[in-house]
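Presented below are the structures under discussion, each in the form of structure tokens.
First subunit A sits with subunit B, and in the next complex the same chain sits with subunit C.
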Partner chain A sequence: MPQKLSDDQLEMANVKQYERLQRTIGLLLVSLIILFVVTGPWITPDPYQQNLSQVFAEPGTHYLLGADHLGRSVAARMAEGGRNTIYYSLLCVVGSVLAGVFLGLTAAWYGDLTDTLIMRLVDITMAFPGIILALLIAGVTGGGPMAVIIALMFTGWPEYCRITRAIAMSTISRPYVESGILAGFSSIFILRKYIFAEVLPQITVLATLGFGRTVLNISALGFLGIGLAPPEPEWGAMIAESLPYLRESPNLVLIPAATLSLTVFSFFLIANPLSRKPRK
Partner chain B sequence: MLRVSKLSIRSVIKRKQPVRGVSFSVQKGKAFTLVGETGSGKTLVAQAVCGNLSGELTADGKIEYKGVDLVRLSRREKRRLYGKELFLLPQEPDSALDPTMRVISQVAEVFRYVRGYAVKDLHHRLAPIFSDLDLSLSEAGRLYPCQLSGGMKQRILLAISLAVPAGFIVVDEPTKGLDKLSRTSAVHRLSNLLEKGKTLLCITHDLGVARELGGHMAVMYDGCIVESGSVNHVLNSPRHPYTRGLIGAAPENGMIPIDEEVLAAMKQPEKK
Partner chain C sequence: MEQIVRSICRHLFQGICVALIVATLGFVAVNLTRGDTALDVAIARYSEDLTDAAVVEQIRREEGLDRPLAMQYFQWVARVITFDLGRSLVSREQVTGLLAHHFYYTFLLAATATTVSILIALPWGILCGVYPGGIVDTVSSMICSALVSVPQFVIGLLLILSLSIKLHWLPVAGFFSPAHLVIPAITLGIGLAAVSSRVIATSLADVRGALFYRFGAMKGLSPFKVLTAHGMRNAAIPVITYIGVQAAHLLDGVVVVETLFAWPGIGKLLLDSVLARDIPVIQGACLLIGLLYVTVNITVDMICFALDPCRRNYQTTS
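Up next, the complex of A and B:
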């Protein structure tokens, strides 16, 4: 006779099913976006090719998503812009994670003055608004994608540093880590084998969420005119470029805005179930 | 091999001295057992010897190991001794093993990363240790700590203590939570460590452990040593009323409670 599930078990099964659905939809959306961005150069025309006879062209066979105010293919510019945005976001997140995890582990392992110095640096950096800092760095360096990457990395690492330090400190005080230290394992071994193993799952979740946020930040900076210089396409910059033509062709604003929202949302869908997943 | 002189441990936060003026010495290849009731400061002495006192505690006095004063060593210098010279067999086998690793890997990584043996040598290094401890390399070795009994976890820790090159092993409460049979076998295995040339500093509340390990012992109460000497001498002709009370309070001697007057007379005013 099949065993009857209790209410708690049923609720847990429902939650798991819901989270699996979230993760599947998230992965599917991200895969579609990446597929579009990667295959862009083969399925769309040149993103820089202007055709003034096709200004504001409706979506069709040649212009999949229509043409902008200079007669350039929106689909091609979306693919090229997406590639830029995703590439720079990846650089920012990887840089922030590496710096944050390294400094967080250093602070937790050495403690005392090293910890105090690193954590005060975290406080100072966290108190600084990211966008303002990016404007400042762009102003000093003359703009460009490097200014955006440096600014976002500079404001991104403290979050990873704090989480890493907190997890590392709680792990260091566990008896098996203390036993490992007393058994004579080197600091590098203890940090890699015991502490980093605890930090990694949490940082993966945080970095997945952070990736969506970084895409949004890069686009926000692109919208403000910092980052890639025209005619290089970028989702945020495409929204800004098309705003004056909102009445003539609302698609020009809606398409990059919707894709941007969808990208951030899909990363949230992937990260959310990960954050609840218990470690095996 | 180890000489502890006038060791005092002070708590910075509580402004107390949980250990006061403790002195003893441990001879090479012999056992020294510190006995006393819970809270007498035995574990703190062990931690001071290993240099892993918690942050709010500070040690004063001298702990000389092979002529080096461990109290004055920096954290980095102490870490050079861990595993190579000193090893602590922890009090809680449940939490002293990494819960996410198979036990064989935990013993193997000591050979690999502390002693630097090649991966191909690990199996024939592990096999005699596991068979010495009546553990099957292919069965018990493949289990995770949560799948082992308390006695088996204790044996895995003993396997690690055999794997490390350290000659001086601090054993904290080796019989805690074990039934009589497992206790007898744990003590027997500690005696084997002595036969293999290791020196033991054993912390326990079980007088039987001291009797079986032999060597010397000290009785602690309220952070001080009240009596010390050879195990035979202390256990067979105790001079201090507290030692007599402790022996009388053992289960095999009828568990007679220690006289309250004796305890009250020994309580020392705390130095601030």
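Up next, the complex of A and C:
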């Protein structure tokens, strides 16, 4: 029997549809960018090849997106740089999610002293703004991609740890977990089947958001000259490299800037950070 | 009462850890990484051509880099506690003086940026919060999502490109007049405004749904009166709480924006010393920024406590 929907239900349906649309657009954009970045080596010229007759070539003349101050193909460098940015961001996010979830589950399961210790560790790490800690670590160890990755993992894990712990704590007090313990299941089994299953959806959303933010941070560090060493391309570093030529050929700055923002934007579309209420 | 004391203790603990971590990390870094610090310093100070073994040895002796590691470490920590941060390895200036000088500029920039962000976010957020789900709210929510995904240095570049290069209204970079402050402050402020306008909007929408608010309207107050008398103060609490989170964003942004605009603040100092591996200055700058961040969070806690008597009974999680 067809039932008449109330206004509230209709609004909920609208919101859901709107969110689904956002997610689809986000996924589409992300797949396009990943496709471009992955197929880069086959569809673009060598990103390190300097062609001095083509210095500052306009887009569409000799190269698809023009050439930079050394006559290198911008399209090729975008693909190569994007592969670096996305690959390093992925490493960072996977690393911090693994560490965060592991420590969060440990804290919630063992409680007491273990919990206190881990939460104090979270407090300590959160006492630094992200890029500052990354600068401190990357800077004093002499920079390089490894230093940047480690630094960003180090600033990334507390968020996942806190959420994992909070969800795990509320799950552990449920009757089905207690009955699982009484039934004699091993801790590993309960953690995996009962608790991790509750944690996973939330963490997936957070990690998608975190990925967008990591791309921002990595490119900001690249822009500051910490991370990959030139001539290795990276989106943020490409912007910094082309900065002196901003007046004459703004394209060189605008192309990586636009791609970078679009990438981050599409990840935010998927995870939709602003539709949720900010944590108080 | 217990909540606020606990929260402040937590932040104080963070402050102590900041000091210890910065000191330790800098110390470990300088001693474990490959490369000879004395050599780096010599090159930074006298250029590569004028550096030879004798100069390097002299610097090693002068900077105390030949003493045992444990001794160097305890000396550094003891000095940090007494707020004597030593001298820059490169320019030989007192780190404390260097920090004080650069801090003035960072403070100027951060304060202006915060003012800019409040000036944008307050009317914007209120407009969205008064009609939640309306056309203004939906559109500005999209604009905000777009704004937070644009890196700060890109916003800065676009502003330079449009306001300085195309229109010639404002200077590109430097710090000689108030006009130089405009673009950096907007760059920093716009990202903050995007997020805080959303926080203001959601918290105002929440308050407007509350019983006491609707009762205010029912007893005959004008919509404006209800908003100012019952809405603002209650909606302000999450907004102020969020300032603590924003402080991190602000301090991160300061490094990027100061570098982009050649603004001589702490962020630029930190980056320059990172690139020159000037460990005392790196440590000093990180210490200052870390402690600043902790101080902001303690202040935010206290303001919220003063603003909201209910906090005494509520579970605080900030």
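By our rule, the second predicted complex is superposed on the first by the 265 of 280 C-alpha atoms of A that agree within 3 Å, B and C clash if a C-alpha of one lies under 4 Å from a C-alpha of the other, contacts with A are read in each partner's own complex, and residues count from 1 in each chain.
Criterion: contacts are C-beta pairs under 8 Å (C-beta built on N, C-alpha and C of every residue); 3 or more make two chains touch, one makes a residue touch a chain.
All of these numbers come straight from a predicted model, not from anything done at the bench.
Aligning the two structures on subunit A places subunit B and subunit C next to each other without any clash.
Looking at the shared chain after the overlay, A:113 reaches neither subunit B nor subunit C.
In the superposition on chain A, the chain among subunit B and subunit C reaching more residues of subunit A is C. Once the two complexes are laid over each other on the shared chain, residue contacts for A:184 go to subunit B alone; subunit C is not touched.
Vertex at subunit A: the C-alpha centres of subunit B and subunit C lie 100° apart in angle, rounded to steps of 10. In the superposed pair of complexes, A:132 makes contact with subunit C only, with no contact to subunit B.
In the superposition on chain A, contact is made by A:174 with subunit B only, not with subunit C. In the superposed model, A:194 makes contact with subunit B only, not with subunit C. Of the two partner chains placed by superposition, only subunit C is touched by A:226; subunit B is not. Once you line the two complexes up on chain A, you'll see the smallest CA to CA distance from subunit B to subunit C is 16 Å.
The residues of subunit A shared by its contacts with subunit B and with subunit C are 279. Across the complex, subunit B is touched by residues 174-176, 178-187, 189, 193-194, 197, 279 of subunit A.
Listed in rising order, the residues of subunit A touching subunit C in the complex are 11, 120, 123-124, 126-132, 135-142, 212, 216, 219-220, 223-226, 236, 239, 243, 246-247, 250, 253, 257, 260-261, 264-265, 267-269, 272-275, 277-280. Interface of subunit B with subunit A (complex): residues 50, 52, 79, 82-84, 86-88, 90, 92, 95-100, 109-110, 113-114, 157, 160, 164, 166. Residues 10, 13-15, 17-18, 21-22, 25-26, 29-30, 33-35, 133, 141, 144-146, 148-154, 157-158, 160-161, 165, 195, 198-199, 202, 238, 241-242, 245, 247-249, 251-252, 255-256, 259, 270-271, 273-275, 277, 279, 282, 286, 289-290, 293-294, 317-318 of subunit C touch subunit A in their complex.
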